[in-house]
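To start, the structure itself, in structure tokens.
Just so it is clear, A, B and C label the chains in written order, and each chain counts residues from 1 on its own.
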């Protein structure tokens, strides 16, 4: 007991020069790569992250750098590839055309392609978000077991092959398909449904709907529906509750749904080709053709660089907007 | 509600056509609602209306039979099935339409895979014949084998790399792990066409020829985020004191990883690996820029078939790919929803 | 990771060697910090420090220059409000946190630089931390497998442990199939299977409901007595601490405020914090009269405590437990007070009285008691024996 109470009487063992607050033992030095402190139990040293980082550097960052570099190079006289000579011709080609006399004039052709892409992507995103809000709300109000089943149902199209999903609409929209069959049956005559921009749009919506539903559902399923009850209790009507309470809670879901639908839809390739049938030219098709038939790599690279910039802007906007929306909805970021 | 003394202090017998007379203990006449209604909520509404009409001095007495009455059904809001407060106009209708919109096209594919006719798009009666054709088509078999080979190797590589990364990420500085996370997830956000042509340019640049190796490397890269996603979610649900307990009981760091961390992560590892497999099997866009003549993958082959003119064997292959998606999604869902811990 | 090489490893690498010779009389060894008195057995913590940087960037002294001696085979409780550093200290003993400065010795073996998996110390976690993928048996066997013990030994020991915690027949179940109390027992058995020198228990009973908790308190005490292992138990529940401990260290802000037996802590609190933290207590304003008495409300009351460290006339508080106060008729010569409330609690009667200067005092009286005295508004006399009055700083 005498030893134990020694601390109380102020007779501390006369050791150690360490001052209060001073760190007597050096922590492992902190770098960008490694955190201070040791390895957390059950985890691995930071060195094991290296394979993933190498893969990311080589096959994500590497290609991005290469494509940006290509966009500032020259087109060879014959065939594809690039000549290592600095040039901004690829970017000039986006907006201007040079005739054989060397006069440059404004050329809206490629701007129109961007316009088409933007329009198709915006309409797709808007419709996907509206539909996903309704189904996500409906899903999140089911009992837990039903919810799990519904999530599964939404997931299956997500994991189904893109070509298969697009092809399914070819089956429906073609001239002998069920819709035209019905139109013929009622005597309206068959209509050209396949190979239109509308078909391409339907394909895009069909593809990206699960991308919108999942984040929307995860925003709404975490929502505390007692807030709705409180709103009713305070005299709110159903539409007011939907507008002022539930829509607000769905905001973070809307932001990620925009990011997940808009960017891939903007760069889509398969749906315009298979369902739009050449009538719809989107940036994705334009890029792909520059690297195949047209064999103008620098121009394709410049188009890609523009898309990458748009992606980056959307990504930054989504992460800022996402954080803000989450704060607005009163959720922890 | 049936506080007679309170009621007695405010007799209000004139404006009460709808009310019967009730007699309290002291013989005074007090207003009593004549109730023929079912629920307490409706009773409440009547009281409210009553107050609105007659000012604050109105009150009502709950008849005995209503006080004794048991609720018609459980008043719990837990079972949200038929709670009227939680239904919103149009929501169920639109939701059912959305599900039909998602599944009817798929159903069409499955139905047409049993089409006996020679044309892909024209129904000519039920038959398994195209299944037989597909299973003996050398081009389809070879494309499937190529796809399987790429998918299996990419799955294994991306799973190993993803698991190592997620276990190491916590030991990196916060900024470092955020940067690495961005680097890894970038392939998820960048439009596939761009990633495809960029990878092609890069492969050219480092002197590789299109073919198996670039395919596998690119597939591994874009599969890693799909492996990491379920792992990260799972890791958040694991009580970290389990790892501390293992170390405390004498397990070395590597033994702890082997005996505790990996078994606890197992469902997420399997689910991530399955996702990687499916994503790799499905990829068309990126592979399209990296294949050579001998390494045509299944999606590329189907795409070319569709462009050449629709052929009934597409329906069969599409149905089989759909089946793969269903199987993988169900397994992965069962693994992530398991309630054993 | 560490700068200083442990001298103990060179001098006495194995525990059997450590037991065979005592440290020399001065407790000083070459290469070891001066002034640390080491014993053959028992845990010695010497000037331990641990500082965290909080989210706001402030330095938080989780362990602030703590020195403690804990005897082998005792039930030691670290008691304190949440955030007082008791859990950090426990985790440092177990090796799950690294100290910034100071040493921890087990016997004369320095353990604070050992990795946790080499320390003869085991922990029962607050959340039990049972491996959900292993059965109860596999959980208990895990630690023994890590020691590379022979198979039949592991089997025998596992069964022995299951018997010890009265769970002989559920060895094949998974942790998720057990109740909270059973999980608690498995966690205990798993840690005890390794026959550690020290068992650390981190708020281990806090997840259990009241009744089960009482049962486990008795159970823990029994296990500790049967195994003779040193238990260090962290809790914020003072009743739990008082009922189980051989010695208690009351922690506040990273420092032990008092170390002593439950009786000492309860009856002779060293300072106001300890007095206030443990149990109900009344603080009466007092002034020091001389080394052996204080003046309260103009009356000189003797205390069984040396007050010479306070100057004459110093303003202090006289701390008195509600159940140590004697109530009497107004003419019995104690402090005059009027009864304000009387509450019948079954096992006792609690009443609030107010002294002449307005200080409220709560008193606990065991029935039967004179009903006339305990009526609201009655004037009573309040007396406290010198042994039951504790003078602390105001």
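Definition applied: contacts are C-beta pairs under 8 Å (C-beta built on N, C-alpha and C of every residue); 3 or more make two chains touch, one makes a residue touch a chain.
Everything quoted here is computed from the prediction, not taken from an experiment.
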Chain separated most widely from chain B, comparing mean CA positions: C
Contact-richer chain pair (by C-beta pairs counted) among A-B and B-C: A-B
Centre-of-Cα separation between chain C and chain A, whole angstrom: 54
Inter-chain centre distance, chain A versus chain B - centres from mean C-alpha coordinates, in Å: 17
Chain B and chain C: spacing of chain centres that average the CA atoms, whole Å: 49
Numbers and ranges of chain B residues touching at least 2 other chains: 242, 244, 246-247, 260
Of all residues in chain C, the ones touching two or more other chains: 96, 116
Chain A: positions in contact with at least two other chains: 41
Chain B partner contacts - residues on chain C that touch it in the complex: 94-96, 115-118, 121-123, 125-127, 129-133, 142-143, 146-147, 174-176, 190-191, 194
List of chain B residues in touch with chain C within their complex: 239, 241-242, 244-252, 255, 259-260, 263-264, 266, 340-341
Contacting residues of chain B [partner chain A, same complex]: 77, 79-81, 85-92, 94-95, 98-99, 101-106, 108-109, 112, 120-122, 160-162, 164-165, 167-177, 179-180, 183-184, 186-187, 189-202, 204-205, 217-218, 220-221, 224, 240, 242-244, 246-247, 253, 256-257, 260-261, 275, 278, 281-282, 284-285, 288-289, 299, 302-303, 306-307, 310, 314-315, 318, 321-322, 325-326, 328-330, 333, 337
Complex contact set, residues of chain A against chain B: 30-35, 39-49, 51-53, 55-64, 66-67, 70, 81, 131, 134-135, 137-139, 141-143, 148, 151-165, 167-172, 174, 176-178, 206, 209-210, 213, 225, 228-229, 232, 238-239, 241-242, 246, 259, 263-264, 266-270, 273-274, 283-284, 287-288, 290-291, 297, 300-301, 304, 307-308, 311, 315
